[in-house]
Amino acid sequence: MDAMTTSGTHSLPTPALLADRERYPEGTIVDIGGVSVGGTEVVVIAGPCAVETRDQILKTAEVVRSEGARVLRGGAYKPRTAPYSFRGLEEAGLELLTLARSKTGLPIVTEVMDTKKIQQVCDHADALQIGSRNMHNYALLDEVGLTNKPVLLKRGMSATIQELLLSAEYILKQGNEQVVLCERGIRTFETSTRNTLDLSAVPMLKKLSHLPVVVDPSHAAGHWWMVPALAKAAVAVGADGLLIEVHCDPGCALSDGEQSLKPEHFKTMMAEVRSVARSVGREIAAPGTATRG
Amino acid sequence: MDAMTTSGTHSLPTPALLADRERYPEGTIVDIGGVSVGGTEVVVIAGPCAVETRDQILKTAEVVRSEGARVLRGGAYKPRTAPYSFRGLEEAGLELLTLARSKTGLPIVTEVMDTKKIQQVCDHADALQIGSRNMHNYALLDEVGLTNKPVLLKRGMSATIQELLLSAEYILKQGNEQVVLCERGIRTFETSTRNTLDLSAVPMLKKLSHLPVVVDPSHAAGHWWMVPALAKAAVAVGADGLLIEVHCDPGCALSDGEQSLKPEHFKTMMAEVRSVARSVGREIAAPGTATRG
Amino acid sequence: MDAMTTSGTHSLPTPALLADRERYPEGTIVDIGGVSVGGTEVVVIAGPCAVETRDQILKTAEVVRSEGARVLRGGAYKPRTAPYSFRGLEEAGLELLTLARSKTGLPIVTEVMDTKKIQQVCDHADALQIGSRNMHNYALLDEVGLTNKPVLLKRGMSATIQELLLSAEYILKQGNEQVVLCERGIRTFETSTRNTLDLSAVPMLKKLSHLPVVVDPSHAAGHWWMVPALAKAAVAVGADGLLIEVHCDPGCALSDGEQSLKPEHFKTMMAEVRSVARSVGREIAAPGTATRG
Amino acid sequence: MDAMTTSGTHSLPTPALLADRERYPEGTIVDIGGVSVGGTEVVVIAGPCAVETRDQILKTAEVVRSEGARVLRGGAYKPRTAPYSFRGLEEAGLELLTLARSKTGLPIVTEVMDTKKIQQVCDHADALQIGSRNMHNYALLDEVGLTNKPVLLKRGMSATIQELLLSAEYILKQGNEQVVLCERGIRTFETSTRNTLDLSAVPMLKKLSHLPVVVDPSHAAGHWWMVPALAKAAVAVGADGLLIEVHCDPGCALSDGEQSLKPEHFKTMMAEVRSVARSVGREIAAPGTATRG
């Protein structure tokens, strides 16, 4: 069956990589505005899918801070499948995130989609997010690799684990070693969930690489009621952090409302994941303990 | 885009089913030889992939019993992708399982693949396993539905959650309501694991159906070292049980050696999953407490 | 990245197989009731998804015969995802197929799903179909390998090409070398078609194996209007035959009506595929030339 | 089963789109440097994966022109999975393409990956290619929509047909209606081919949209010997053009050598696809007839 040999993506050569575990067997700790990702603490990064209004982001930031989230997330530039959907507040959104940081003390992570906007996003954010749709955008990876900001790199919706590591390599190779990998669900034939969360990616990535690994159960599930169960599983499997979508009024969210937790459900989830974290020798910040600005 | 409407598998009609959660909101408890699956206890079902020799099955059964497994698994009829692989000891394998039960008191679950062998397997086993490859074998489902044995129904390797429930429906419709569903990984593009374990299937199945749900991390991972992490995640996500492959000498196993845990790793894993179970309000039997025959 | 090595399905050992092209470099010709599959002629196998009534099968058989189909297809035992769907007329359906053969002279191919029914189906059919859902049903493959009937083996909905060849190997190993392989679409993330027809499977199977390869565009597409285009592509890519669903009144079909061609569309399609066949040095029987019984 | 409803990608709202077939029922013809794509002619776009040297591109351009190709392809900016692979000659590559155009008269299509390079690529190319990895790069789509160059938009490796049309919509919405869609294989579980060519996408896209559709069998197959069979199938299924990788010395190619045709095989393929084109009422330029500069 020699005819079946292929040089395709399933059999890439695997040279030694800067991302390899062997380089830093003890693991890399990434610093996001003073919060360490990759240590004993499981870091919760929470907030709305998109920054919508001043009230929305300030209120949500305060809610997630008070329950133990350590980093605020929120999109100012939103990649949307259709060009007619809400695409984010852009620079005004970045300024609202900065305001929320000044009120709560939470560092902020937000997405950058265009090489032309990297400087602008760097001027506001503590960490740059590369979304799933841009994991293969090598021009963007090259340039965020030249910044001094930590990068949260999300797995492409049909990227293999090896391809995710090779995309991280683009950033590392430019000299920026502050990369956090993020599993957020892959595209499969299953339609009852938005994506299929691949939790086996966590131990595989931890074995292969020294980079921290976080999990985004919200985008994977597509159903808010499923997020707490998946968050617990992510902590049990060894994730270094969680990305959780929270919205004070999900029914009115301009994007992804169906998968966003209300504050009361976020509170319940935090208590549950804290218990699981302890059972595997990790910890999650207690309510009200995060720094206030 | 009306042309995109299809009557295909992605949009099946969904009438009320016997498997629906609404029928038994409190959930069904399935009794496997005196062990309850679906209650507070997370039941560990462990053993070798295939029954190979008298010594092998007796030794393994004693090891898993002593660490807290409650049910013994082992294949006498093995579905193999290639016809030249070891296909199981057949009736002799069933007799060795019966012997292992008499020595350890563990009830046994084993696979049946052919309608002609159902009576024979029923004569020995406490529960019948329908493997992934036969989830769509409706002739087989019809007939196990006529037996009085509980059925462990594994999800097909590319079956949707809805299709798994509809296969369960074949069994329930015949009058046999003792069905346990099993998530064991689905086929995706990812090649670093044997299958992609879909843990979101657990909360989805629990929401949709009253049937208990167990998880098989061994077949999903294909790597023994990944099994404990996935087992912890499965417990955290809400599984009612675990299927774990254990082999005293994996390097010599006639099938699936690479994904089988050695006794010392099984022991460590059991301590870890016990801790996670407690963190989510469940329990796993302590070492040495399982009934001895 | 040694951790990524797996013994899973993506890297099966590949010993010499009875199905290998090297064994019969010139290719095997399978005889279905006097019709040769695997030669210069592209054989059209057509008929309804399921046998429903005497009038339906006799009328459809006459229509497809008169347009150049050489074999009649129709299901008497139907595998259905849900147990509440129409599951076929069973033995009465086999008898109606036999009657249709006696009226038209067309040999018949029909599905067998249970080892207990093989003898009954053999008593009526010229060729046995193993459906996608049973490609991994090794008990069934073993037993059809012991019959003297040609077998039409459909690719499982998520089976690799290698797994399809290994399932054929089960049949060949028992001594039955009259196996026709069938590509019928695989399960992917795409939802606008029922399955994704993998036409690259045809040249790959022809390169690897000496067995004839036919294509079923009806099940793959799930839309009748797409069937002619895919049928032309199948002939152009090198298929030895086509399986086409035809129904005189698709709106009333008990299964798969949406993907069935009406007689007038079947007629148009036959003219088109005949033209493509000639352009690649093959031929398709002219209208009205098939044997009448 | 209301719990299974999701707002995810599988059930996007489908408003009227600029890409909809209803807007131009007769279909759009896109002009690439004087060559019409979308009319009766099936346009062959051929050349190397990457521009490597002056001799390589000039020689290949002359070979493909003489056999009937109408447009020259070649990459100056190459997206590569690993950052250590050859990434293209960049501006020097664009200049060599321009030289090849002046020698052969063939218009050129080449990839653009970064918003910062769009002007540069526009200065040289007759059409801009958006590669699979950038189909979801909305910043890039927005900006190529503001140019006056035709755009060849390749389907993302796991993009649905609906998502491909929505990415085209980004370009159309900016005022650039010269968009050609390209099917190039999707990512599935099958490993014997690099990707799975989804030829059903062609009739589906033609039914839904007025935009021309071309097929790239080279990237889909990953094996040069399979390209002619898939090219014939693509023409039979209704494609408006073909993208074919040709290299004079594939063994020495800096990328994708294994899937590139040698000149003699390209010549044979052109004769074969010409015959299939005629059988479906289309035509392909005869050898030596393409314009020379």
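Every chain is named by a letter (A, B, C and D) in the order it is written, and numbering of its residues begins at 1.
Methods note: a residue touches a chain if its C-beta (ideal position, glycine included) is under 8 Å from a C-beta of that chain, and two chains touch if they have at least 3 such contacts.
Only a predicted model underlies this, so the values are computations on that prediction, with no experimental measurement involved.
Ranking every chain by how far its Cα centroid lies from the centroid of chain C, the top place goes to A.
A comparison of the A-D and B-D interfaces places the larger number of contacting C-beta pairs at A-D.
Averaged C-alpha coordinates give centres for chain B and chain D that are 47 Å from one another.
Each chain gets one centre point, the mean of its Cα atoms, and the points for chain A and chain D are 33 Å apart. In chain A, the residues touching two or more other chains are 3-4, 10, 158, 161-162, 187-189, 191-193, 204, 207, 225.
Chain B contributes residues 10, 158, 160-162, 186, 188-193, 196-204, 207, 220-221, 225-226, 229-230, 232-238, 272, 275-276, 278-280 to its touches with chain A in the complex. Against chain D, the residues of chain B that register as touching in their complex are 1, 3-4, 10, 14, 158, 161-162, 187-189, 191, 204, 207-208. Of all residues in chain C, those touching chain B in their complex are 3-4, 6-10, 12-13, 15, 79-84, 87, 113-117, 133-134, 136-140, 157-158, 163, 166, 169-170, 173, 187, 191-195, 222-223, 225, 256-259.
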